[in-house]
Amino acid sequence: MGELIAKEKTTVVPGQVIAKGMDFLPSHGTYRLKDDVIANRLGILSVEGKVLKTIPINGRYLPRKDDVIIGKVNDILMSGWRMDINSPYSAVLPLKDASFDYIQKGADLTKYFRLEDYAVAKITSVTSQNLVDITVKGPGLRRLRGGRVIKVSPHKVPRIIGKKVSMVSMIKNGTGCKIIVGQNGLVWLEGEPDMEVVAVSALKKIQDESHISGLTERIKIFLEKTLGKKIEEQAPNEDNNDNKGHEYVSKREENNKHPVPSRTHNADKPVAEKLTQKTEEN
Amino acid sequence: MNHEMKEHIKQALRKGRRLDGRKPEDLREITIETGFLSTAEGSARVRCGNAEVIAGIKMAMEKPYDDTPEDGVLMVNSELLPMSNPDFESGPPSIKSIETARVIDRGIRESKAMDTKKLCITKGEKVWTVAIDIVPINYDGILIDMGGLAAMAALKTTLFPTVKEDGVVDYHKRSTKKLEMRFLPIPITVSKIGDVFVVDPTAEEEKAIDARLTVTTIDDKKICALQKGGSEPLSVDDVNKIVDIAFEKAAEIRKILEKVN
Amino acid sequence: MAEEFKRPSGRKNDESRPIEAEAGVIKAADGSARFKIGDTEAYAAVYGPRELHPKFLQDPKTGILRCNYNMMPFSGDGTRVRPGPSRRSKEISLVTEKALIPVMNLEDYPNTVVDVFIELPQTDAGSRCAGICAASIALADAGLVMKDMVPAISVGQVRRNLIVDLDGAEEHMDENEGTDIPIAMIPSTEEITLMQGDGIIDRDDLKKALEMVKPALKKIAEEQRKALLNKYNSTGDQK
C-alpha cells in the first residue's frame, strides 16, 4: 500500500513528503519517518520501481577514485604538491606521479609544478578520511599552461560533456577553443578572446538550462546565432587527447550513476537492493 | 594569480577584450535603489553585474569635538563581510576594508561635500553626527567605487529623524528634511593590467591588477581625493591618462545618480 | 483576567507578520537566502563544507557547523550599533547552531566546517528567529542533507495575552510581566531545537503558548520550501 505524493522528475526540498505507505523504499536523498518517505536534500525526485531517491542539484564536489579533475597547486611539500580541487578536501600529487622522469628527493620541485599552476589530474585513491591522491601520468593528463579556468556546478558536468562527448565537442569546434572539463566542476579553456567569451556563455547556459528538454538543439542555435555560422552536431572523437579524460564520464553515465555520489548513497544502496531482490524472488 | 594566466588576460586586453567580453573601459550595468531600510535614516543598494553593495546612514545627536564646536561629525566605516565572498574571514576589519572606508571618507570630508556647520544644533553642546556604513552583500569588484556610489545615493536621500519636545531623537518618525549635500563626490578606480587601463574589474580581474589609482571627482574639473594602490609603480603619463578616464566614467555614473531620488 | 488587547499592527493574536523568503541571493556563496518578516530582515550565506583551520578544531567523525550572527551597524532600533561581535551576538550564534544541527548530517564530510554567516540589514524584533529561518533555507540551497527545514518565531505574552511573532513595539509594551520566547521547531516531528525565555510567564500559559505557535511555524516552513522551489523550476534548473 502506498501513494506517491510528489511528482517524478520534479524538484523536492528537505522535509517534503514524497510518498505515503510502506510500499516505497527510501534510497539516498530520502528517509522514512513512520509511514512517510521524506526528502532530506534539495534534488530531483527519481522513481525506479518502488525505490525513491533524489538526484542532487547543488552541493560541493566530493572526490571519487578514477575521476579526472582540474586542480590548482596551493602548497609545495617535501613529498610532492598539495592541490586545491574545488572540494572540501585537497589532493596530494606525490613525486612519483608527477612525471615520467625520476624526481630526486630534494630536487627543485618548482621545475615541475609551481604555486598556482593548474593541472588535469586523475584521482588514484580516496581514503575513508577523504585523503586524496592524484596523478598526472596518463593519457590527457598534464600541467595546464595559460588559458583560463571557470567554475561550473559539478552536478552539471555530464550535461556539459554530453552523450559521447557531443556537447562540449560542439562548443569546441564552433569556437575553436581548447576545452577540458573536470569532474570537479572546474573547466579549463583557451582560445581567441572573443571565442572564449562565447564558449563560457555556452557553458553557463548549459548549466542553467540543463534539465529543459531540447538542450543540445538550443545550444546549437545559440552558437550559430552568436558565431554567425552553421554548427555541425559532433560525432564522438576518439583521437583527440583532450577527450580521453572524459571516457570516465561516459562510463559513469552508461552505468547510470548520478554525478556526485555521497557516502549516504553507498550506505543506503545495499539495503534497497536487498529488498528489491527479495520482491523479485517473490 | 599564476603568471601564465595573467599573460593570457593581458593578451586578451591588448586585443581589447576582457574575461566577460567587455572592453577595458566598459562599466557593468549599474542599478541603484534607495530608502528601503526601515532602521536607517538613509539607505542605498548598488548592483553592478553580480556585485551588490549597501550603504546605510545613521544619525545621532552628540557633543561635537572640542576643536570644532560648530561642526557636525561625519564617520565612514566599511566591512568586508565574510558572507559576501569565500576569501573573507571573520574578525577585526581587514586593511582592505579600512582603506575603502578612509578613501571614501576623504572624498566627502576634504571636498566639504557635506556642510557640517548645517549639522550644528547648539554650538559646543549638540550636533548631528552622520555615520555611513558600507557593506557588500555579494562581493565582485572594487568596493571603493561601488561603496562610494552607494554612500552618495544614500546621503542624497537621507532624511533627518524628528526630535521630540524633550529633545530626544525619535527614530521611528522621519522628518521631511533632507540632508543636503553641496555636491556628490564619485570615486573611480582605474586599474592597470599589463599596459592596459581597466575600469570596474570583477573579483577575478582584481587578482591580475598591477597598479591602481582611485580618483574622486566632484564635477568635470575638480579632483578631491586620490589613492594609489597595487605593488607596481605608475608613470606620470599613466596618471594623466587615468585622470582622464576617471572623469569620463564619473560623468557616466553621475547620469545614473541624477535619476535617484 | 486578560485586558482588552489590540495589537498595534492590527494582527490577530496568532498571526505572524508578512513574510518574504528568497533562495540563492548571494552568488559567491555555496548556498544563500534572504528571509524577511515584517521589518526584520536576515541574509544567510553558507560556505562549505570546506577545510577547517586550525587543525585541532577538526572532528574526524563529522563536519562541524559554525554559525556567525551579526547585525549591520544601521540595523538597530535607535542609534547605530557598533560593528563587531558582542556578547549578545556570540550567544545568538551559539543558539543558532544548536537550533540547526539536529536536522543536519555532516558525517559524509569529516574534518570540515560548514560556515553559516547571518547578517541583518534591519531589525524589528525576532532577529534571531529570522536568522535561523534564513540559515535553514541557505543550508538546503547548498545541497546539504537536512531532515527538514527549521522554522523559528517568537511567542510571548503581553498584558496577559498570548501572541505570536512579537514586533518591536510589542517587545517594549509590557514593562512588568511581558514575555518573549523565541522558538525553533522541526515541523515533521514537532521537536523544539531553540527555546529561550525572557520575562515572567505562568507555567500553564507556557503550555498554551507552545501549542499556539505550531501553526505559525508550519506556515514559515512552507514559505522556506517555496523559496527553494521558486529558485529552481520544477525540472531542477535555476531561474
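Order of writing sets the labels: A, B and C. Residues in every chain begin at 1.
Just so it is clear, a residue touches a chain if its C-beta (ideal position, glycine included) is under 8 Å from a C-beta of that chain, and two chains touch if they have at least 3 such contacts.
Since the model is a prediction, treat every value here as computed from it, not as a measurement.
S.K.: In how few steps can one go from chain B to chain C if every step must land on a touching chain?
M.R.: The distance in steps between these two chains is 1.
S.K.: State the pair with the higher C-beta contact count; candidates are A-B and A-C.
M.R.: Here the pair linked by more C-beta pairs in contact is A-C.
S.K.: Comparing chain centres built from Cα atoms against the global Cα centre, which chain wins on proximity?
M.R.: Nearest to the common C-alpha centre lies chain C.
S.K.: Taking the mean of the CA coordinates per chain, how far is chain A from chain C in Å?
M.R.: Roughly 34 Å, centre to centre.
S.K.: Provide the C-alpha centroid distance between chain A and chain B, rounded to the nearest whole angstrom.
M.R.: Inter-chain centre distance comes to 40 Å.
S.K.: Residues of chain C that touch two or more other chains: which are they?
M.R.: Residue numbers touching two or more other chains: 50.
S.K.: For chain B, which residues are shared contacts with two or more other chains?
M.R.: If we look for residues of chain B contacting two or more partner chains, we find none.
S.K.: By the touch rule stated above, which residues of chain A touch at least two different other chains?
M.R.: Nothing qualifies.
S.K.: Show me the residue ranges of chain A that touch chain C in the complex, using the header's touch definition.
M.R.: 7, 9-11, 13-16, 29, 31, 33, 36, 38, 40-44, 55-60, 62, 88-90, 129-130, 208-212, 262-264
S.K.: For chain B, which residues are in contact with chain A within the complex?
M.R.: It comes out as residues 1-2, 4-5, 7-9, 11-12, 15, 17, 19-21.
S.K.: Across the complex, what residues on chain B touch chain C?
M.R.: So the residues of chain B in touch with chain C come to 37-40, 43, 50, 52, 54, 56-58, 60, 77, 79, 81-86, 90, 92-93, 131, 133, 135, 137-140, 171, 203.
S.K.: Tell me, which parts of chain C touch chain B in their complex?
M.R.: Per the stated touch rule, the residues are 25-29, 32, 39, 43-45, 47, 50, 68, 70, 72-80, 83-84, 115, 117-119, 121-124.
S.K.: So in the complex, which bits of chain A are touching chain B?
M.R.: 72, 114, 116-118, 145-149, 190, 193-194, 196-197, 200-201
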